[in-house]
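Next up, some structures in structure tokens.
Two complexes are shown next, each including chain A; its partner changes from chain B in the first to chain C in the second.
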Partner chain A sequence: MKIFLSLITAFTLVSPLVAQADAVQPAADAAEKGLAIAKDRKQRDLGWGDSEAKMTMTLRNSQGEESVREMRLKSLEVVDDGDKGLTIFDEPRDVKGTAFLNFSHTGKPDEQWLYLPALKRVKRIASRNKSGPFMGSEFAYEDMSSFELEKYSFTYLREETLNGVVCHVIEQIPADEYSGYTKQIVWLDTEHLRAQQVEFYDRKKSLLKTLNFSGYKLYKDKFWRADVLTMVNHQNGKSTVLNTAELRFDTGLTDADFNDATLSRVR
Partner chain B sequence: MKRLITITLQSSALIALSVNASTSASAGLMPDLALQGAVEGRQFLQEAQFPQQEDSVLSVWAEPELVWEWGDTQRLTFKPFYRYDSADDERSHGDIRELMWLTYGSSWEVRAGIGKVFWGVTESQHLVDVINQTDLVEAPDGEEKLGQPMVHATWLHEIGTLEAFILPGFRERTFAGEKGRLRSALLVSDEADYQAAEEKEHVDWALRWSRSFEVAEAPLDLSAAWFQGTARDPFLTPDITLSGSGPQITGLTPYYPLQRQLGITAQATVDAWLWKLEVLRRDFDDHVAADLKTLGVAGMKDYSAAVGGFEYTLVGPFAERWDSALDIGLLLEYQYDQRGSDAAMAQNDVFAATRLAFNDADSSEILAGITQDLDYSGSRGVMLEASTRLTDFTTLKVNGWMFMADDQEDTLAYSLRQDDYIEVSLNIFY
Partner chain C sequence: MKTLWLNTILRYPWILLLLLLVLAFGASFGGKNLYFRGDYKVFFSHDYGPLQDFEEMQRIFNKNDNISVLVVPQNGDVFTNENLTLLAELTEQAWQTPFSSRVDSVVNFQHTWSEDDDMIVEDLVQNPQDLTPAELQRIRNIAINEPNLNGGLVAADGRAAVVNITVQIPDTPNNTAEVIEVVDFVKGLTNELSSRYPQAAFYHTGVIPMNYSFATEGQKDMATLVPAMLGLIVLMLAVMLRSVLAMLATVLVLILTISVTMGLGGWLGFFLSTGTINVPIVVMTLAVADCVHLIASAQFAMREGRSRSEAIRFALDLNLMPVFITSATTAVGFLTLVLSESPVLADFGILSAIGVMVAFALSVTLLPVLLLLLPVRVKVSPEHHGGMEKFGGWVVRHQRTLLPVTALLMLIFGSLVTLNVVNDEATKYFAKGTDFRDSVDTQEAYLSGTQTIDWALYTGEAQGVNDPAFIAKTEAFAEWLRQQPEVDHVTTLSDTFKRLNKNMHGDDESYYRIPQDRELAAQYLLLYEMSLPYGLDLNNQLNVDKSSTRLTSTLKNLGSKEIVALEDRARAWFAENAAGVRLTAASPGLMFSHIGETNMDSMIISMIAALILISALLVVALRSLRLGAISLIPNLGPALVGFGIWGLISGEINLGLSIVASMTLGIIVDDTVHFLAKYKRARDDGKDAEAAVRYAFSSVGRALLITTVVLVAGFSMLAFSAFRLNSDMGLATALIIFIALLVDFFFLPAFLLRLDKNNQAHCNAEEQQKARQDVQQDPNPASILTGETL
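Coming up: the complex of A and B.
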């Protein structure tokens, strides 16, 4: 669950100081500026602690046929490493009770476990499957891992107005050779540094997907989170809409709630 | 006649279960209710070995789940199960899969009641998995289990996760009846013999330690478990009757000795590789081998067994060329059992399989595999499991098994050689 939240937080953190400096930055400093914005963005989202949310994921194929997944997401911020997330599925009914535990890491591959309630079995998932689709959706596992500076190299591209909002446009190149992407282009509004849009480019460097964020709300007077994430796949015509129904912070989650040894009691 | 009685008994058991459920529900707290069930058709592809057996079987099962929760840290789960089978009286059966009370704190859990516990990492065989008895009439792979009475305490400690089990009450393995397929020529009796004087009332226990380590930035999961009590795997002793033409074997009686078992598992996760190993050591009391010999089973001894191998996942190999999200898993495992082919089916066998995960909206998957006996080149089993979602509350499954054996000396495999089948199952969830 943290996964989705992390995705949202990942794109919300850019600094106004950097924005003011835009006009005078020489092009050669693009990498430095890109990293500075990313650092600031990460810095601004520190301290969110823990959260719980209910989410609905609507999958649409190119014929417009829909199928809906419902899940609950629990997230825990981890200082000096990637965050922890637990996704519990409620719909469709055949996967009800299935739980997905994810530890994002900064210097090594993420760790993932799946709990299968029918077998009472906790299975570790091989760490290289990050480019695979999450629950048949247009979101890949790596789209849902927490945003960490070590996972990308950054380049500041330009300032641009997107849907009437002035944005920084930054290129992120994944450091992991097993990423499904060659690059991501991120639009962050200059006012609050919230992600407005992300473009994902596949291994052939073609545009694969576009992610749009809408319905931003402010939590704890500090943390912006989007209610609706829409991922459109340009190559297969499918799309996935992720709606956050309830999002609460400081729900008292601890490390013990994110443990493969206690995953079997999750419901 | 016997069949009628069985059905009557099972029906009354079912009624008892539903009475329990409604009583509890009316105690003031409404439970969360979920219901799973299926309609299954099994078609056997070869002529039956025995005259009473049928080729086409229709079967229906239901498994409701009721959950009551008090506050954040207390829960009661009740999950009865019942199957009706059109051919086999023994396969028409009910069980309490779960009736478990759970409470927990930040570093501990206590469970008491009836439930299921899974131990292990490998796919082709669950060697160290010993807490629950196998509900063998459910499926030949032995993956379905009977509910086991237990008190199960878990403690999350610095040295790893520590678990203790007290297991009062033994469950006997289920075996196919006269009209059922997937059985030996001789029927297995409902009356079992035990080494323990307390028979089914013997209290077994187990301890387990498990922990994850990090070796060269790759996770290494280790576990060790000790089990002491009545063996889950019975020895089948011949029933000998004297007739006019001399002594005849008329059936088999399960004999459950006491055993001490050490089980160790290891799993390393490296990139797209999962390396897996399960090792088992089982010891019996010295006199058990002699006792079994007088019952007609020779060669029983302490033994070791192991199963190990890997699962390698190709992530999206066709993603770029054909825009396919298909993942391909390749599984290879080797099975060893010190007792050899007299006592074990997986004594020197190789399991190879592929798992196709289509990653589509319907979560379609296919697992197809073959187990080849290296001692008997003509003995092998081929399995296929495919599933896809039809609607938000129904899934379709197709399971198939083919058993090949041409050598009568490989007795266990040979008895299944005419029982290839395809099973189509419509699963319903509410």
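Coming up: the complex of A and C.
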């Protein structure tokens, strides 16, 4: 499959005429090609293991007001299911020490818990809603959960140069009926299949937000991670910038570090 | 100069006609630049304080322009399977509304409760068709006990519910098309639902339908009132002129006057709005008066046996100056409206002033050319006179009674002016019978008013909203608001904090209170925010760094006085009870409430400016300081009496009424000018005061009567506008113009007779002396304002 895909990629690169012909290809082919690229994208990112990072989230509104949130993010790759994530909030001060644990799943809804230090209790978030704003930002929780093939159906749209980078443009339709989106349009560079841009369309199929990735760095000679994620909401004029710092892999995290029963002990 | 112009018209009518038509079409072509703005913001200038406060709040929190759908089921209870299913469907489909960013209703209200260590956040109503009576009862109890819902999205007695759709329409100079798109979509939605759920009625309220009504009702006026006015004018002209061709010539002049005026407006960058939409009617009305004067003079001359060309020369010669002076005073009256605080009223003034001068220009060029080229015929017969002479004689005979009686009446009615108060109620700008007004009234009957005030509370500190002391202040403020008789509903974050605190303690009612420390409050809020679905977040109540929160209060449909009074009381309460927190208030209703007051101040200045400028023009035109001074009473009296009567009829001075005094001054001054000019001419010819009054009546009495009939009819036509600013303005203007005629017929002659009796000896000599001087200076002393008409 991978060879097949590389062939297609190479083919479309050298032959724009054929690429145009691609545009009128039957829907089934477009779906197959979209899925193939998505599989390749997932495939290329397999085996990263675990990571820890510091993150800064900067929120702005159209009045020019600004607010910063700081957090640490621990991630663990789970084979054959969605990844596990643990977010510990450091700023703002009022929520310092609050820990957010989430298990991404491929076949069933994700699970989430929140440890509230002021209450000294772990609360399970029993909500099917995953599309609300993450910490009041323009990111929804669902924008930040791990990329899984089962969460979408794919359609290959076209090849396009974005900011000087040749990209595959793929449409992703969320499978979850509680998703806040009707579709996402993803730009993946043809060279490394890294996300360059994502457009999010709301329930009435209007463009809601655009996410841009920049500052890609290569880790462990294999895994690309972007330093800066910028989300702009076109409807309310607000934006959020997510900066990653001190990203480290192979920090020795295990499944035991991602446990709702021990969530109250994370620091 | 005047002779040259007269000769040009008479000698080269075809060339002139061609030239005028080319110019007229060139000017009219500017009409392509005109566009219609239905946005209520046209009433406010960019730097208008309350508008800036409002827009700042919209940028800090999300915009909350909305369209609300009020659902009133016939069975009087929304908590049934069928009615909740209807509401659920409406809520779901409302997300498809163009530009919508959130939809709130009793169905998707995010109900929170706890179960062991789980925090459950879900739609209050799920699978409504399968709910058991017990479940329906549970939903009703939750809704009625939830302060965010009760009185806001659902009536306390369950008779009606609202689905509120928030839209984010891009900030472009003209978003009328988007507004229409939104309303058409939602109306389409409710029409479809109403065919499947005939047991419920649907109404649309909110800022977007208000804008929609400004656009559609304004355009309806344009489409119905203008043709109706033209029809009325054709009828009046046919009766008065007794000549189809003369009538056709007039109608052509009127149509060109309108198209040139609006075309020039287009070239100059004006736009149409509910404020400027009545310019055509006003201009048409005033243009008719010009044309009637000219045609009547020409017909008079033809009746006496003169040729058509002779008659036209006579009419022009006689009327040029009077028509110019009366047009100029009218234009000055309109121009003073540029001082208005509200841009559309200023636009209305400028466009009308342009129109009045265009009407003048065309009636002394195009009209004579048309009369010359058309085979207008008049039977040679002496003019029928007599009625006015008899009336003049009656006035002279009864002068001793008339003066005190009319003076007293003016004083009595004038003193009633104090009954008026400045009041603007945006929702009542639309007449009963319009969709918007009926919806607003229905919503008030079932649920709540539709006016709002948004209050932003700024702590000045990041995350400051989590401070229990601040939450307590917010709660106290919300409670205070709820106790005010003007307030129907308050949405506040403090209720959410209390509810979360209860949920976090196993739904124990005793914990329905503010969390005791700020970390707890912050963490509850974080948990809650993480659980909310798309579009139902708290970003409309919190700013990005959580340093401020927005409370929304829904008010009864109040006038501007009451809204401003509530705002003032709230600010006073806040200053006393919430020290250290900054408060701002904003809403469209608040903007309209403040514009009335600030605009009134500017309109009083405009009125004084109009009075000074017009009086100065009169002194020049009448060449008499004394007559100029005398004219003040008949010029000011009608507005005073008119507003006195208005105090009895309505007593509400809204934006439309605020311009009436300045505007009418320029119009009614015409009557006085004509009457005084004739009086002066007779006096200058050596007649005594009584004879001069008789002469004035016989020469201009009928003309004044006819132009007044035309003007009153024209402005009364505006009273049929569905838009109250226009209908009130038309009604009051018609009233004042009518009173002006009464004052000129009953008070002014008696007053002149009285004054000139006292100063007979002294003054006569002086005036005679002056008149002789005038004769020497001007070879044609009678030409300025002594046009003999009709």
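Note that the second predicted complex is superposed on the first by the 238 of 267 C-alpha atoms of A that agree within 3 Å, B and C clash if a C-alpha of one lies under 4 Å from a C-alpha of the other, contacts with A are read in each partner's own complex, and residues count from 1 in each chain.
The definition used in the following text is that a contact is a pair of C-beta atoms (placed from the backbone, for glycine too) under 8 Å apart; a residue touches a chain by one contact, two chains touch by 3 or more.
Predicted model, so just to flag it, every value in this text is computed and none were measured.
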Practice problem: Have a look at chain B and chain C on chain A after the superposition and call it: clash or fit. | Solution: clash
Exercise. In the overlay, answer first, second, both or neither for which of chain B and chain C A:111 touches.
Key: first
Quiz item: Thinking of the overlay built on chain A, is A:158 touched by chain B (first), by chain C (second), by both, or by neither?
Solution: neither
Self-check item: Touching partner for A:62 - first (chain B), second (chain C), both, neither
Solution: second
Quiz item: Is A:98 contacted by the first partner chain B, the second partner chain C, both or neither?
Solution: second
Self-check item: chain B versus chain C as contact partner of A:203, first or second or both or neither
Solution: both
Exercise. Have a look at where A:120 lands relative to chain B and chain C in the superposition and call it first, second, both or neither.
Key: first
Practice problem: Look at A:220 in the shared chain and tell me whether it touches chain B only, chain C only, both, or neither; answer first, second, both or neither. | Solution: neither
Quiz item: Touching A:262, do we find chain B (first), chain C (second), both, or neither?
Solution: first
Exercise. State whether A:237 touches chain B only (first), chain C only (second), both chains, or neither.
Key: second
Quiz prompt | From 21-29, 111-119 or 291-299, the chain C stretch with C-alpha clashes against chain B | solution = 111-119
Quiz item: For chain A, which residues belong to both interfaces, chain B and chain C?
Solution: 59, 61, 67, 92-95, 119, 121, 124, 126-129, 131-133, 135-136, 178, 180, 202-204, 235-236
Quiz item: Once bound in the complex, which stretches of chain A touch chain B?
Solution: 59, 61, 67-68, 91-96, 107-109, 111, 119-121, 124, 126-133, 135-136, 178, 180, 202-204, 235-236, 254, 256, 259-262, 265, 267
Quiz item: If you look only at chain B, which of its residues touch chain A in the complex?
Solution: 34, 67, 75, 102, 104, 106-107, 109, 116-118, 143, 154, 156, 161, 210, 212, 217, 219, 221, 267, 269, 271-274, 311-313, 315-316, 319-320, 323, 325, 327, 359-363, 389, 392-393, 395, 427, 429-430
Quiz item: Inside the complex, what are the residues of chain C that reach chain A?
Solution: 56, 59-60, 62-63, 95-101, 115, 117-122, 168, 462-463, 466, 504, 517-524, 526-527, 529-539, 542-546
Quiz item: Touching chain C in the complex: which residues of chain A?
Solution: 59-63, 65-67, 89, 92-95, 98, 100, 112, 114, 116-119, 121-129, 131-136, 140-141, 178-181, 202-204, 206, 235-238
